[in-house]
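One chain, subunit A, links the two complexes that follow: it is found with subunit B in the first and with subunit C in the second.
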Partner chain A sequence: MAEATGTADPERQAPDGEQGLVQRLPTPSLSFEMALLLPSIVFLAVISFIPLFALLWMSVMEVGIVAGRSSEFVGLEHYADVLTDARHINSWWTTVLYVGSALVLQTVLGVLLAVSLDAVDRAENVFTSVIIMPMMVAPVVVGLLWDFMLSNTFGLYAFILHQFGLFTETPILASDQFALPALVIMDTWQWTPLIVLIVLARLKSIPNQVYEAAAIDGADPWQRFRYVTYPLIKPAIAIALLLRSMDLLRFFDKIFITTGGGPADATKVIGMFIYEQGLRYQNYGPASALGILLLVVTIVIGFLFVEYFMGGAGDDE
Partner chain B sequence: MSERQATDGLVPRRVREALPYVVLGLYALWTLVPLAWMSVSALKRRGDIIQLSFVFEPTLKNFRLVFFESGVPGFLFNSVLVASVSALVAVFFGTLGGYALSRSDMRGKKHLAFWIISTRMAPIAVAIIPLFFLFTRLNLLGTYAALIIAYSTFNLPFAIWMMRSFFDEIPESIEEAALVDGATRWQAFRKTLVPLVAPGIGATAIICVVFAWNDFLFAFMFSNQDTQTIPVSAAQQIGQEGIDWGIVMATGLVILAPMVAFGMIVREYLVEGLTMGAVKQ
Partner chain C sequence: MGNISYQDVTKEFNDGAIVAVDDLSLEVEDGEFLVLLGPSGCGKSTTLRMLAGLETVTEGEISIDGERVTGLEPRERNVAMVFQNYALYPHLTVEDNIAFSLRMNTDLDEDAIREQVVETAELLDIQDLLEKKPGALSGGQQQRVALGRAIIRDPSVFLFDEPLSNLDAKLRADMRTELTRLQQELGVTSVYVTHDQSEAMTMGDRIAVMNDGKLQQVGGPNDVYDHPANEFVAGFIGEPSMNFLDVRFDREDGPRLTTTGDGGSFVYPLSEAVADRLGVSDGARLTLGVRPEDIQVDVEATGASGRAQRTTVDVVEPMGSDSFVYFDVDGTVWTGRTDRIDRQPGSELVYEFDESALYLFDEDGETIKSIGTGEGSFHRETEEPLVQE
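Let's look at the complex of A and B:
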């Protein structure tokens, strides 16, 4: 039992624990566990620190790619660039818009669907099986499929929209106004189910008595959702939001396949921008500086995520 | 009386009970239409695709072209090889590491665990540039090894965290009993604990396969004509003039069908897997 309290509290160097610790250290248990973990630590260190230092180095250098020209130290110039240059600022805004609208749409839909799944008595399994399918589909295939659905000449959805007189001139993915919303919808099609599953898992753990009590108190369905269900699923929504925002920042496969960041930078989110600058145009300096900044953002989100369920979220279990 | 009124509210009971089914039905339709259209289109001739025909004579021509007259079988082999090897590597070291992380009581364990998972959080664009240089330097570009290493950057931390959460669920008294019976720590781990988490190992392996199989950007950057995976080949089909969508859709189905099947197999582990163990079903 001492073990359980020990792991729950990382700061367990209490005076009375001192003795136990001294006795425990020489036992082979520590080294046994480290021995098992060591290969992974070494691999991950190599694969994360070398790239990180390479990235940091490139972000403060003007890397000479032409033979004969050497690299030059330029300090924080690239960082200044990526925070002030109009194209970069545009890319940050595009990212905020893309991530923000996808999160709102997916959360609203996800909660609605999870509550619906929780409410039905029949066919819950069938509905869940259908709804989760897109998550398993490779992002490239999702991109290709939606490219096809929205194609002005072959696309079923484009055809339907044409019947309402919409997008008859410019295809949606070539429209600088609607390409980004179309990408948000693609991602929503694919990843709303994750939010459904996360929220549903939480809903299932709420005992029925809670709702019965609310009903006896005279709460109508909306009030029951607002004052009973919603506060209880809030931690689940937070987990979903953090996870989704990390992935939305992390991947750009669908954008790469469908619009390539265009038209005219309209869908050039940061990930796409870094890829293009770094690997297509060999602008390693700005790409690396941008990469470092994006990394910092995701690590902060990741830290919140881990803190959330490793520590803070534990109290209402 | 008051309870009845409260539960019935303003909306008639029958409507309220039907509402979730309507919502779910509509959403299921929204999910299925693109997938169904994809399947149908894969069975169409080019002319039928262009005309958006709903009535047409189905043909297996696209699948025949994909399987017998294109590079797809080779790319399929590459995908199977790379995805399964990277999953095996990740699950092997992930099981060892996950156990260690679960049972260890060393100081700074929390920080170590966070560092491990943070290596997986790096945006693909951020990871891809330095890895590209690293692989160029090591002469690994275009090899299977490059892809397996690249996939291990996300699968290994994932597997460690997943396996850790499975080991966390097993009470320590079980291995203590094995130790009392005279087993060494390794024997207790290997003979007593590993069999108990076997379903978790299987689920983790399958999810690792899905992650690796579905990757496009790493494979696009680090593979060549011979080691290319199937998502890369699908993407290249639209780079050409006059895209033959029937073939693209057929290739797409070949990519997604096994993964959707895997998703159904590991359904009860899916939330846990996709949330890195934060949510349990």
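Let's look at the complex of A and C:
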């Protein structure tokens, strides 16, 4: 260890006495650092690696949970099922629709709100506080709240919709066409503020003179946004997209509270599907395989966002 | 093609709670280099920003080239501005920074833009930096890029907002020379804001001194130095700054300026010829001013003028070529700029200064007498006011 860490050249040139000193120093300090790190590594292994390996193991087994039945190795059978079965494919498709539309809606709204907030010079803190409030509410509570507001009997939103003759027969959350859009709006209401916060923080760090220089250089307000503001907030948008996409992919709580995946699988995203397979029907094998696939998809999407948005703009400051 | 006119311009902030610029009128001729000089918060930057269109005008009119620009957007005014902190676009390369305004304002194709960028970069000696981003450049290089961004537009007016303040002293002096050269070469009307009077003196064709939102005086560098319009300008221009003393004009035993009535010991006899032309009455309260370089310091009184005063040395600062001597005059510390001397603090000293070097200001701070004893030195005689209203 000591030989490996010391750089070769100074050691060869150093006289014997010094060489001993140079070699001895790193050894105790390294093991000391290791000793400090060890508890957290062990802890991390227990809480995250063991479940991960258990998940990998279960995804290739037919898991027997009833006493007397043993688990059976099935190879990649679950993965093949998950990728070919019609209900699974439908669930993936629902997830793509849900994540895509929510991400676009939240990002566009979030950036718009952040830019507007940055331009306000009076009572900006009040506006910001009001805007970020939905984020403070627990997702389950948001689900309950919206379930109530959209209820055909008592709900305020349902009442407003009824005035326009909409959803008088079937409640919106029971409509196989509109239940998913309703969930997208629900999540947008809650999580757009996060994007506002992240983008606003970045906007605040751009010196005003840069905008003034652009104004004098002949850029109109749209060009100032397109060529100055947007490139400078791109790294912040990447971070917001990364956080939101990770969260949206494993979306579960609001669906669980409001629609339970229905009507007729219309809102059964992957997160809901995993819950149903694993915890309701005890099909641990397919549920684990789905979980692993979802993890892989999440990592790939995250990587793409970081590459695309931060590749050009983030590295020069 | 680029004359500028401010007419009775006032700028208020916070609904009139702060008056940043107060009824300012000023003309800048085509091709002129005008320096707006004043201490922090005097309204000089606001004056410039109103011209750029970055601040609205509360009252009055601003025109460029005879065209009223008061309500126009910055981009409609054909001005270019260089900021103190450079304000380069951090995400763009030097080339794109310089080309930005051409891309926004013109239909030139990329080849033509590239050609102009290279030409501008060569003028500023930054052609090797075109591919770099601002973050990788030194302060001096960044300021050159900012200059390039301004020059390439071929504007009718250049605006400079303390462009050299963030540079170190050596670089500042170099850039000063280069900016002057560039401005003369391009012949574009320029307005330059600074709080550094040596920048103002060396660069400006004319200097406009501002204080407290008001224009104090406009004139050539030497005019402003020799014939300041008031006590503020006299004290602000010159390094080290002018020495002042509150005195009384006394005619009883021959005309003289004295502090004896107030318990002081300062007595400065005036010649009848000068006293008659001051136009002040017996017993008037005045402020006396004298520049450090006009003071002679010696061990013993030499001249027969009878104006030598005795004092004690406070501090001597050797400056290499000469020395600054600080000494006490009736409780205020004066500075004298003399040949090299070596004197211990507390030792005796004799100082005197000629009548021609004497400045006098009335109780409102207006100049009564400036340097010299000829015409133009006695301001109550001349009709033409030095302060432009």
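Things to note:
Quick note on the criterion: the second predicted complex is superposed on the first by the 261 of 317 C-alpha atoms of A that agree within 3 Å, B and C clash if a C-alpha of one lies under 4 Å from a C-alpha of the other, contacts with A are read in each partner's own complex, and residues count from 1 in each chain.
Convention: contacts are C-beta pairs under 8 Å (C-beta built on N, C-alpha and C of every residue); 3 or more make two chains touch, one makes a residue touch a chain.
Quick caveat, the model's predicted, so the values are computed rather than measured.
Using the contact criterion defined above for the overlaid structures, shared-chain residue A:89 touches neither subunit B nor subunit C, since it reaches no partner. In the superposition on chain A, contact of A:132 is made with subunit B only, not with subunit C. Using the contact criterion defined above for the overlaid structures, shared-chain residue A:215 touches subunit B and also reaches subunit C. Touch counts on subunit A: comparing subunit C and subunit B, the chain ahead is B.
In the superposed model, A:153 makes contact with subunit B only, not with subunit C. Contact with subunit B, but none with subunit C, is seen for A:257 once the two complexes are overlaid on the shared chain. In the superposed model, A:207 makes contact with subunit C only, not with subunit B. Applying the stated contact rule after C-alpha superposition, one finds that A:232 touches subunit C and leaves subunit B untouched.
In the superposition on chain A, the residues of subunit A touched by subunit B in one structure and by subunit C in the other are 215-220.
By the touch criterion stated above, subunit A contacts subunit B in their complex at residues 3, 6-7, 10, 24, 28-30, 32-37, 39-41, 43-44, 47-48, 50-52, 54-55, 58, 109, 112-113, 115-117, 119-120, 123, 127-141, 144-149, 151, 153-154, 156, 159, 189, 194, 197-198, 201-202, 215-221, 236, 239, 243, 246, 249-253, 256-257, 270-275, 278-279, 284, 287-288, 291-292, 294-295, 298-299, 301-303, 305-306, 308-310. Contact residues on subunit C toward subunit A in their complex (touch as defined above): 52-54, 73-75, 77, 79-81, 83, 85, 87-92, 100-101, 104-105, 133, 135-136, 149, 153.
In the complex of the two chains, the subunit A residues touching subunit C come out as 207, 209-210, 212-220, 223, 227-228, 231-232, 313, 316-317. Those residues of subunit B lying in contact with subunit A across their complex are 2-3, 6-7, 9-11, 16, 19-21, 23-24, 27-28, 30-35, 37-38, 41, 49-50, 52, 93-94, 96-97, 99-101, 103-107, 109-110, 112-119, 121-134, 149, 152-153, 156-157, 160, 172, 185-186, 210, 213-217, 221, 231, 234-235, 238, 245, 248-249, 252, 255-256, 259-260, 262-264, 267, 270-271, 274-276, 278-281.
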